[in-house]
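Attaching a single structure in structure tokens format; questions to follow.
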Amino acid sequence: MIIQIILLVGLVIFAGLAILAKDLLKAALSLAVASLFLGIIFFRLSAPYAGVFEISVVAGLITVLFALTISLTRKNDQVQEARLVKIAFPLFFILFLIIDGLVMKSLLLKVPALPAGPEAGTFGQVLWKQRTFDLIAQIGVILAGVLAVLALFRKKEEDKDE
Amino acid sequence: MSNLWFLYLFFSALLIFIGIYCLLTMRNLIKLFIAIEIISKGVSLALVATGAVQHTILLAQSLVITYIVVEVSLVATALALIINIYKKNKSLDVRLLSKLKG
Amino acid sequence: MKVETISLLTIFIPILGSLLVPLAGIISPRLRSIWSVLIGGLTAALPLTLIPQALKGGEIIFSKSLALGLDFILVIDPLSIFMSIVSSFIGFLIIIYSLGYMHHDENQNEYYLMVIMFIGSMMGLVYSANLVFIYLFWEIIAIACWRLIGFYRQKDYVLKADKAFLMTFGGAVVMLLGFIIIYGQTGTFNLVAMRGVAIPGSAVLLILFGMFSKSATVPLHTWLPDAGVAPTTVTALLHAAVLVKIGVYAYARLFLYTFKIPEGWQQAIILMAVISSLVAAGAATVENDFKRILAYSTISQIGYIFLGLSIANPTAISGGLLYILMHGLAKAGLFLCAGIVIHSTHKRDIREMGGLIKTMPITAISFLICAFSVIGLPPLGGFFSKLLVILGTVQANQVWVAALALFTAVLTMFYLMRVFALVFLGDLKISAPEKTTSMVGVVSVLAVLSILAGLFIAYPMKLVQMATTQISWWLK
Amino acid sequence: MTAMTLLWPIIFPAAVAILFFLIPTRVRFVREVLAVISSTVLLYLGFALFSLKELSLTTNWLGMGINFDLRLYHFSAFILLALSGFLFLICLYSTVKMKDHPRVREYYGYVFLAAAFSNGAVLSNNFILLIFFWEALLITTYALVTIGLKPTSHRTAVKSLIIGGFCDFSMILGIGLLWASTGTLTMNQVHVEPHGLAVAAFILMMIGAIGKAGAMPFHTWIPDAALDAPVTFMAFMPASFEKLLGIYLLARISLDFFQLKVGSSMAMVLMIIGAATIVLAVFMALIQKDFKKLLSFHAISQVGYMILGIGTAIPIGIAGGIFHMINHAMYKTGLFLSSGSVEHRAGTTELKKLGGLAREMPWTAFGFSVCALAISGVWPLNGFVSKEMVFHGALETGYPIFAIAAWVGAIFTFASFLKAGHSVFFGPRSTEIPKTKESEAPIVLPILILAALCITFGVYNKLPLQNFIQPILSGQAEAQGSLDLTTHALNLFNPVAGVSILCLIIALGIHFYGWNRGGKKAYLASEPIHQLIGLKQLYNLSEARFFDLYEQGVKFLQWLARILFQFIDRPIDFIYEKVITAIGRSLTGLLQKAHNGQYANYLAWTIGGLLVVIWIILQLLR
Amino acid sequence: MVFSFIVIPLLVAAIMPLLGKISKKLIPDVLTNAALAFLLLNSILLIKPIFNQGSIIQNISWMGEKVNLQIALDSFNLFMLFTISLVSLAISLFSIDYLEHYGHKANFYALLLVMIAGMNGLVLVPDLFSIYLFLEVAAVASYALVAFGLGYDELEASFKYLMLSAVASAFALLSITIIFGMTSSLNFQDVARGLQDLSARYVIGVCLAFFIMGFGLKAALVPFHAWLPDAHPSAPAPISAMLSGLLIKVSGVYALFRIIYSVIGMTPVMSQVLMALGTISMVVAAFLALGQKDIKRMLAYSSISQVGYIVLGLAIGTPLGIAGGLFHLFNHAVAKGLLFLNSGSIQHITGTRNLEELGGLGKRVPLTAGTNLVGSLSIAGVPPLAGFWSKLVIIMALIQAKQMGYALIAILASILTLWYYLLIQRRAFFGQMNEKWSHIKEAPFWMSAANVILALICILVGIFFTPVFKTWISPAAEALARGVQQVMMWGI
């Protein structure tokens, strides 16, 4: 149980680092490590497929995309972040920590939940049988993403600029 | 059983807070998008945790996988947008993006 | 032909006919004017065939049910027949007049479309006995008004048109809220079913907003003088004949025919009516723009009609209804004379005109006759209506109100004579010939009608008598 | 002689009037002949109806108690006869006087239209019908005054219209009050005790009557009309028709409708107005430089006598008042017609320019002098008889002040006519006007007829008193037995007659004193009075129209209109034009500034909105 | 058959880029319009079965064996389908000419079809998580479409739109997970049954707050509206018409009220909160629209204001209120779609959207002016046109529910609405002819055709509002008003 908590704390720390880091590459890397932690947590929650996906896709693919974008916008991306913001972050964080703790403790016993029966079937069945609609939606999303990128990167000279 | 659930919800709330704090204060476009990523991590954590706690883990996993796919396409579109904005503005500062006013 | 079909024809011929006007306009302007005169004439002729039905008294209800209690109901009783005759007849005269007046203006297609649509929806409003359809025709008229006032398309003219549209639409929408409050209370929009129902003060206040904005009574009147920027035929149509009569008709139809309004409100309306006519008369004395003076005088005369109807005893009601006819004729005459004068001298300020009686004798004389009818001097029709309203007011022992109304009558006499003297007498500044014979013809017809209405008062009075007894059967 | 004949005196003149409008101006001779013939027909009709005594016609007209009913009884028959008589004389007179007037076509039309309306007013027995004909006269008066074609004649026409309108509107209010209190509109059924609301009704009806008759506060248009309107109009309306109608109505009000009590408050009001009119008008008349203006002021002052007479509420006084009405109509028309013939020949009515016309215009001079003596109340003539009756009535009321006022009036009336007669006819021949000869017969004849009537009504006063005035008073309940008016009518040997003769002598003295001081020039005879310290300023003020109710009224109306316009109409418009648009614009501006395009700002709203919604929901759920 | 609503657009969208290579212009146009026409026809054909059966649950079999793929169709989402297909057909007709100068038609049509597929999916699916998914599909497609012009404004607007709705949908998903946690199922029926037994007022309240924020931002209610005034004006005209006309209604209003009515059940608290939100956005947006210089930005604010009306209508809770809200949703979709297409033709004719430069176009381009007038008066609620009836029903419902205050504010807001629509008329069409535009000619055929079709719909619905109301609106309102019981009885 303790390990779970340690992993969760690690996840939160690296997420914090991701937004505080001055250099973008460092931020992207800490983001990747954070998603690594998350993957491990998923494994421990006996959600292996989710963990694999998390690590491979989120830690891998998205981080690569980030790195690509950062390199493309390397030349003059020095945007001075306000220093005050960086300093104030821990304060707000601790404050939120306390509020969040209180809210979660007060809601602890209140939220009733229906006792769910043991889950039948394998993951494949669940994915394919019960959630087939989501698959169609996924096709839609992927198609939308691809078309979006195509549209956004279409060559300029064909259409006169507005 | 359900207090475990709130532990995970506690941590995902923390992640979401970090994301929103970054969105509200940071100025770099990519930093902002990283914040969005952090928020979606928090949400996927909550999703899986709920599944685990309620013994509907298989269903939760399929949900998370779909969610990640959605997230990928969102990242693709957003980064394409950011690159285009960069080509136009030659800068990643979000404060420059305030021409449409009133 | 059954009475219902006649009244349905009176409503739908002009509305559908107006849609064909642009088509006729594209083919040839001549065809368009023939078409509009034909439609106008037909609309004027049809209600006349209903007079025997009106003289029989009683009412015929025609209803066709639609969704949600919004069914299309027509009530054909002496009041609606009387109103439809008055408005369609004067509207028809104005169409003939505008053939000459608008001869060389552009976008005449839209003009005739809107005028005939205006008269058509006025017919619809007059016959309909469902609150929502009264509102529906009320707003179609507002649209037609907006397009007509902004006819000349100059920047500030359109501004004035928008102002008029917004004020009348605002008042009407608030009135609609009043209607719906009544709907909330009684569960139906059907006036015939709701006869004798007492309605709360709040509904009365809201409905009054609509009526006062449409009939330009003081608090909501400022759009009417500004609407003087429209061509004179439109101002004639608006001020004299039709538009301002809507609010007054709605008052008669709602607060006399159907609902019982709380006592305090009746007294309040009486006071507002008198104050409005006094203030408007005052403003008319000070103004110098020809059409603005006549507009303010309309507001003042409308105050009288409201006074008559709100006193709600048979003498006052018949006085009020008669007033609608007499004022319609006389004020249309005044406006159309103003139209001839402005059309030939291209001046709006009366101080720049003078001595026009030498070049325009007929216009001058008809202006004088119509002015006398508005003032209420005997041989002319106006006298009887003003007399009955005053007598009714005194009968309802509102002596001070009657005294104030008479004082306003003296003020009316003063400013109308001032206008006549400044425009037609004195030395001739601009020698302007009397423009087209059709315009002068219409004006003299209106003047003669005022005289005949005065001399043969018994016939219109009979019709008005039937309408009054029909309205106020439960008042006693 | 069925009831329908009652319609004749209204429809026949109206039809003739329309005929006149149709005859084109070029056709000369036909118009004059038609006028004379139709007026004789009307005169005959008057006599025929007078002999009928009682006739009435009732038909439904507008419902609600308003029906078209006419009623002929001795009083209205007598007035009808008088009206047709004067119409005949004036038509005869104007055949020549108005021959080459540019708007002669409309003149005759309006004259006959006015005759129709006045006959209608006299005959009508329903208040609404009465007010219908009564107010219709406004338009004919307005039109006839504009026929004067002087530059200011339209202004005077409007003045007469507005004053007449004001009086008639107050009369409508009075009728309304009467209708409300008695419930019926037929005039012969209305008998009301004058207290509470009825007093207001009486006052308002009285304003209507004296407004038409031309008594004090509402008289100001008559002197202006004297110069602006044609002289035939002056003879026609202010001199005869309006006086007859006005006093007819006043008499009916105080006799039929309200039964005035002696010394009651309303009677006092009438007497005060009468006395004031006599004195003030006669003082104004005295100093006039123009012959017609002098006569017009006298027309106003003589009305005072009639009102005073009726105001006394004593049978002798009322009879005097009514008798004075008919007498005054006769000699005043005569005087106006003679001034018209002088103007016809001499071309001007300026007293300064005229002088010594008696030799060239003997008949006019004779007619003028008879009528002048009559108006001043010289012994054998009708003026004397009716004035004596009024004096008796005034004394019997117990308030001598009114009688004194009447006498003062008599003095100055005689003084001013001495001045007028002396300067126009009898003084030295003036050099400014060329040699003239007597006016044509149709002009002189009416003057002579009127003079003859003055004499006959004076000497054989039993004739008018017995069959005209007596029946009117017979209705009076408290008339003591057989009212022997006529017995002491002409006897001189009583104190009242003595005082009036004394007044005449004083007037002679004043005239000759003024004549001498003015260096033998008759028209300056009134100068000493004019220059008196107190009076001088008053005269200058009244010349400047300060006392003119109409001018002050117009100023008040304009001031009120400006107030209403500036302080009620414009602010309302200001609210719509400026205030609402300004509010709208400022609110929009505020909200627009909030949208500054920053992403962080929008996200903050979203999160803020979420927290607020959560907080509200939790509050509402608790 | 019902499933085709999602599959056909996706299929056509998938093959569109390939076809795009073959013929730049013709095939994409024809294919898209044919697909959308088919969908419209399909939705009309479904009225009969829905009318008598009440609702259809279709389990689709995939290559033989049964797949647990439930599509629930009752008159409410049929009404939504009909609105979507009708307006999107008109928009695609419009974009035949409009996209001449954009060139890359295939890509545009593909994205458009994906968006329509997303919306249809969202409307049809009876599952909470799938609603979120299809919402994302439509959203991603709309981000790309808003930025389609690749100009500076487009990119800025699209970026802000993306970032805001990403946060919003994250919150929506959070509340879905919490409900999933409580009822351990995502299907409407099971969740509805589960929530009936649970007594967790506060947690559901918080979940609903998250839903209001998530879907409220999609529906552009006032505190969450900020992205819309930037996104709609800069998007190409057909897309801003699609966004304003359909997307904010489907992914915002439909999703929110479907969940509230059919899953959780409307409570008085919810009704008060939503009515307040609706009224605030109605008034604030109306004032904002007054001060605008750019036509499309003014129309965008007017959309926010009219959505306020719809939310106010639906939030009353009585069947009449819901009917009013839905009727206004339909009228606004048609009329606002028309107005945005119209602004597109103005831009195509004159090249500018700034009201200051425009003037008196009425003379030269009567068709565009006429259709704009019809659209504006319909939204302003001026009688003979459709908008009036829906506002009337809303106010009737408000009065019946004893909400005098809201009714009065609704009335005053409609005066404001007319004020700024008259502003457009005065500046653009009705006033004096600006000499710069003396030689402009009417918009191309397809653009005017689309305008005229939508204008005719406005007029005809206005005149024959009873048949429209009886066949479309009141069954949909009944379906929604029965709320949770309706969902429970699906398919039985």
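A, B, C, D and E label the chains in the order they appear, each numbered from 1.
The rule we apply is simple: a residue touches a chain if its C-beta (ideal position, glycine included) is under 8 Å from a C-beta of that chain, and two chains touch if they have at least 3 such contacts.
Just so it is clear, the structure is predicted and the values come from calculations on it, not from any experiment.
The minimal number of chain-to-chain contact steps leading from chain A to chain C is 2.
Here the two chains linked by the largest count of contacting C-beta pairs are A-B. Most remote from chain B, judged by the distance between CA-atom centroids, is D. When chain centres are set by their Cα atoms, the one at the greatest distance from chain E is D. The distance from the centre of chain A to the centre of chain E, each centre being the mean of the chain's C-alpha atoms, comes to 31 Å. Between chain A and chain D, the centres computed from C-alpha atoms are 104 Å apart.
Rounded to whole angstrom, the centroid-to-centroid distance between chain C and chain E, based on C-alpha atoms, equals 43 Å. In whole angstrom, the spacing between the mean C-alpha positions of chain A and chain B is 5. Across the assembly, chain C contributes no residue that touches 2 or more other chains.
Residue positions 129, 133, 136, 140, 143-144, 147, 150, 159-160, 163, 167, 181, 184-185, 202, 229-230, 291, 419 of chain E each touch two or more of the other chains. Each of residues 592, 595, 597, 599, 603 in chain D touches at least two other chains.
Every pair of chains meeting the touch criterion is listed here: A-B, A-E, B-D, B-E, C-D, C-E, D-E.
Chain contact summary for the complex, chain B toward chain E: residues 5, 16, 20, 23, 29, 32-33, 36, 39-40, 43, 46-47, 50, 53-56, 59-60, 63, 66-67, 70, 73-74, 77-78, 81-82, 84-85, 88-89, 97-100, 102. Residues 320, 360, 363, 377, 381-384, 388, 392-393, 395-396, 399-400, 402, 404, 407-408, 411, 414-415, 418-419, 422, 425-426, 430-433, 465-466, 469-470, 474 of chain E touch chain C in their complex.
Residues 159-160, 163-164, 167-168, 171, 201-202, 205-206, 208-210, 212-213, 216-217, 223-224, 226-227, 229-230, 269-270, 272-273, 277, 284, 287-288, 290-291, 416, 419 of chain E touch chain D in their complex.
Remark: chain D residues 584-585, 587-589, 591-592, 595, 597, 599, 601-603, 605-606, 608-610, 612-614, 616-618, 620-621 touch chain E in the complex.
Residues 61-64, 128, 131-136, 138-139, 154-155, 158, 161-162, 165-166, 169-170, 172-173, 175-177, 179-180, 197, 200, 554, 557-558, 560-565, 568-569, 572-573, 576-577 of chain D are the ones that touch chain C when the two sit in their complex.
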